[in-house]
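Two complexes are shown next, each including chain A; its partner changes from chain B in the first to chain C in the second.
On to the complex of A and B.
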């Protein structure tokens, strides 16, 4: 109880120094699964998993200041990206189950997520459902005590190595838009599921398409009530404090510093100072948001930080190619700057395009009237 | 007590000044008389504004640079004369001369501001000032106005205030090096620019909600929405950088100078971006002299000049050691 923030930080730093893996995370396939699970397990055994989760579910329920200290140390130690194969489980499916799951669902799944035993993936987007999530069509028909699922999902990260999927279905055939959806736990080895990995412009197969052909899922896997899936899907919004992204943001600041140290081009020096200032601003915004979120509900300001990060990440990635050139070893190597640069193009698309984010911010934060999309 | 940002109490305290600010400094005053603020030094002194961050035993209010930064952000919103910044800074550097400091804090001696350049100094809205504070890379130096030589009026119209040139004066009555006063200068300029960015965002959003075209408010068009969102992000970045920087200074954080230099770079860009977009969103009205929009743009340029320019602000940031990878909290 009486541990000070400084002591907490020192303990985090010592543990990270001793435990951060020395080799970089594999980009895809079973190796990336094993790596992510091993790292999650290690954090669990060290007492560092579930930092943001409530104690009632085995979490550490760390204060926001502790979370900030942890993720700062995490970035400083060059620990594996928090957006790895365990991310959906620890930061999305887990919190959704905490908010809306039954006791059985919680007691079965939460420990497995926390201990690094399972990978979760998301099944929200569809080929014709990108920015407009409420238009989704993959259907689940109730038959006895089961749902029979037919349809297709896409852009499902790590679906090829996942054990479970948080699957959003249209379970009321007469419903439209946000109504009549259900949030369902889908076991990925259920008969009728086909997963086809999709290679990205950055190289590895980070995403997958998932096809459902008469996939039978027990009704007991519905989370938050049948036809109540939109509310379930939105329940994690209140959970998000933005601290999980803090490690990524600080890593971005570190990359800017590396570029400043390496740059010899006077013409780029000013650009780099803008990037330095913006990385500092991003951190200031995240701290403000995190501290505010601890004392009361926060609005859509989080989308502003998310968007600011996405566009800054792209500018930093572009600057790194300008500084080193396309033929430099650190650009061409595996996990190199070339990969980062290409991968950054997804930042303003995944999880809601920058354009949709701007609409949301304009309407919800600034109060501008809705218009046609 | 937040270790990163201004507290709700600090915000509330400064918001209690919004009424007098509204009454004393409606932006519209500048359409009639660009030099209107020169007469307001005693009234501002009455409210304690020039000594807000000075200890009570020095005749100040005894608050910190956090409240001071928030106050100057409000000044930015109202396009209050940069002479007020000069007065607050002059009171700090004149601390060794209690009588002089007292006269500044009491508004008995009005202060104008100038920036040193290659040929001498550029004075901004300092025509009626008794004292002139010259800002430079080296810090700040306070002079009696009558000690200035080769003083010449350059223009009274283009930038919304009188610009004058003068020779670089010697023998200041008080001065302070950039290592001591530099962060205060940059913080107060960043604060005013942040206020300008915030005021123009509100102006643009307000107009987008009421201006109708094609039968609907123009704010329902995505093009306008996206401009407004970009402006809002600039404000968020500038505000939070400012608050973090001020709290870092007040708390004596090792990286305080970095935070201030960074906040200034962010604030200059935010002010230019937002004042420009605000004119664009106001369309033809925004281009007209009777609209307030151009006043904000022009003031952003004056403040940027007083800070030594965006180039200078970037150079100042370059001189600071990195904050990333060190202890942050």
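On to the complex of A and C.
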């Protein structure tokens, strides 16, 4: 007999209660790597990893309602943020390999990602290539059965502690814009790679610059075909808009409830109730969207939810400071005020800025004419 | 009462600000090169002391407005120095002007306070009293924050003698503190905006400066409006020294700050979130001011109280 949703939820709650780590996640360096991998491994062993992945690749293929129940329990249990060093592997590189990888690539990498054995990072952005990703210039030249890579990436989160990087390169020297790119698996200990961590406003070094000096990558590491990298990169963009951020959205709602409980100042009542209404609206939109995503491809409305979340997070951070002031607990710890604040800022920048997303929403959801860019 | 509809710097004010600019010029103050979370300029503090800037409001022919202009100018620097409390608050609360820098705290003397690591005096707003505490060497421990001001906390507040200044001083302390918040915010906002304007003019994406996109332009114009509004409300508060003006100026500044900072960081992309880009020198501090005196909602209640003369429930 199949398990009911309530039973599923009860099982998730019990498992989380027994297994969520008690000490907070370290914020950078090898300790943050060990912590993220250990947590991923524990979820795998408990049968909770890869909820969204197909069964053929060791995933659970959980229904959307189960995913929602899991993430609600996850937030309630104060489990480690899903935005940790395993995020790129489980939510980006893994799904890209599932969509576009060869059997060999899939059978080698997917189990390692799922079992918490490897950290992945993303190497798309460059110093002069941010919002305009198609302008990237780091090049890979085919030499025999290898690509020889030269150039520079930046803002690569966790690059300093990663085993692999999903690297977007210009492999056709005569190409322009989104033509002639390749999506490549780059092993981070290959000779010629130098990583320089960059300190963020939140204190720790969360991302890094990566330099490539005649780095040799086997052609068999190209995913989705040589010079077809744009399509490969775009194949997983939708994935991130589905349920991957549910945990963060649910945690934010919980954070609002915590603020309401902590507040003693009647002057903030209106602000807090506004935030509560926003959190409820966000929950309704994201659940509705997630359920819809189960029955077919979802459009760009996911971008609207993401923006709503990001901007609400920014206002929650403001209310936190008003309530707790400088005496706010754990300003410097993960999920402390400093982090919430920083995370809230980066939410409207990382993975496509709010302005670029609004351009997309205006065009694709509202059907407005394309502006000049 | 005359209305300061027109505001041009007087000759004296121009001279003082010119002198300040010169002094800052000789110190060659630049944004710290290595990523640091907080930078206090002791050399600047020393020079300002020598130059008599902290006593400006007691000098013949000068007042709070002149003091405010100095506080605003200092806030524009990428380093911090304790000036607002010394200039706008201390003169009527300290017997000895030498007992600065001054730190301020609400509620408990044990709470962390800006500038406490170097402060010689702490003023505590107890709600029904103002306490003045002389701070001996070694009485303070540093508190690490993400606010770019040096923060500290008294190790053993109970052990330090506190002078009660009386319930009658609470309103004055709050008024001046709110004035100080608004004036300082005005200076911080201006430098933050200048930094971002420079960035969007030079940074190119899609083959053109990002400052040419209307989505960017419109919000930067709104940020500029907020900066201007903060400035004029702050200067008005310093000019009138009235409860309502000070509370309204602080409410506006504290309310505008989050959106203002957000937009500014937004247009600097990932670069703007690093300690290698100077913007945080000002936005960190703006964020700290946001949490003082009950934040924008606390200041709004104070404003309502002042405007309706205590008739607000």
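Just so we're on the same page, the second predicted complex is superposed on the first by the 356 of 373 C-alpha atoms of A that agree within 3 Å, B and C clash if a C-alpha of one lies under 4 Å from a C-alpha of the other, contacts with A are read in each partner's own complex, and residues count from 1 in each chain.
Going forward, contacts are C-beta pairs under 8 Å (C-beta built on N, C-alpha and C of every residue); 3 or more make two chains touch, one makes a residue touch a chain.
Only a predicted model underlies this, so the values are computations on that prediction, with no experimental measurement involved.
Looking at the shared chain after the overlay, A:9 reaches chain B, while chain C stays out of its contact range. When the two structures are aligned on the shared chain, A:341 is found in touch with chain C, with no touch to chain B. After overlaying the two complexes on the shared chain, residue contacts for A:117 are found with neither chain B nor chain C. Contact with chain B, but none with chain C, is seen for A:72 once the two complexes are overlaid on the shared chain. Looking at the shared chain after the overlay, A:146 reaches neither chain B nor chain C. Legend: residue contacts after superposition of the two complexes on their common chain; A:203 is shown touching chain C, with no touch to chain B.
Once the two complexes are laid over each other on the shared chain, residue contacts for A:273 go to chain B alone; chain C is not touched.
Judged by the touch definition given at the top, the superposed model places A:163 against neither chain B nor chain C.
Of the two partner chains, chain B and chain C are each touched by A:355.
355, 358-359, 373 are the residues of chain A that lie in the contact sets of both chain B and chain C, per the superposition on chain A. Here chain B touches chain A in the complex through residues 2-5, 205, 208-209, 216-217, 219-222, 224-226, 228-230, 232-233, 236-238, 240-241, 243-244, 258-259, 261-263, 265-266, 269, 311, 314-315, 317-318, 322-325, 327-329, going by the rule given at the top. Here chain A touches chain B in the complex through residues 5, 9, 65, 68-69, 72, 76, 250, 253-254, 256-257, 260, 269-270, 273-274, 276-285, 287-288, 291, 301, 304-305, 307-308, 355, 357-359, 361-363, 365-373, going by the rule given at the top. Contact residues of chain A toward chain C in the complex are 125, 128, 130-132, 135, 154-155, 198-203, 207, 265, 267-268, 271, 314-315, 317-318, 321-322, 324-328, 331-332, 337-338, 341-342, 345-346, 348-350, 353-355, 358-359, 373. Across the interface of their complex, chain A is touched by residues 35, 37, 111-114, 143-147, 151, 204-207, 210, 213, 215-216, 258, 262, 265-266, 269-270, 273-276, 280, 284, 287-288, 290-292, 294-298, 300-301 of chain C.
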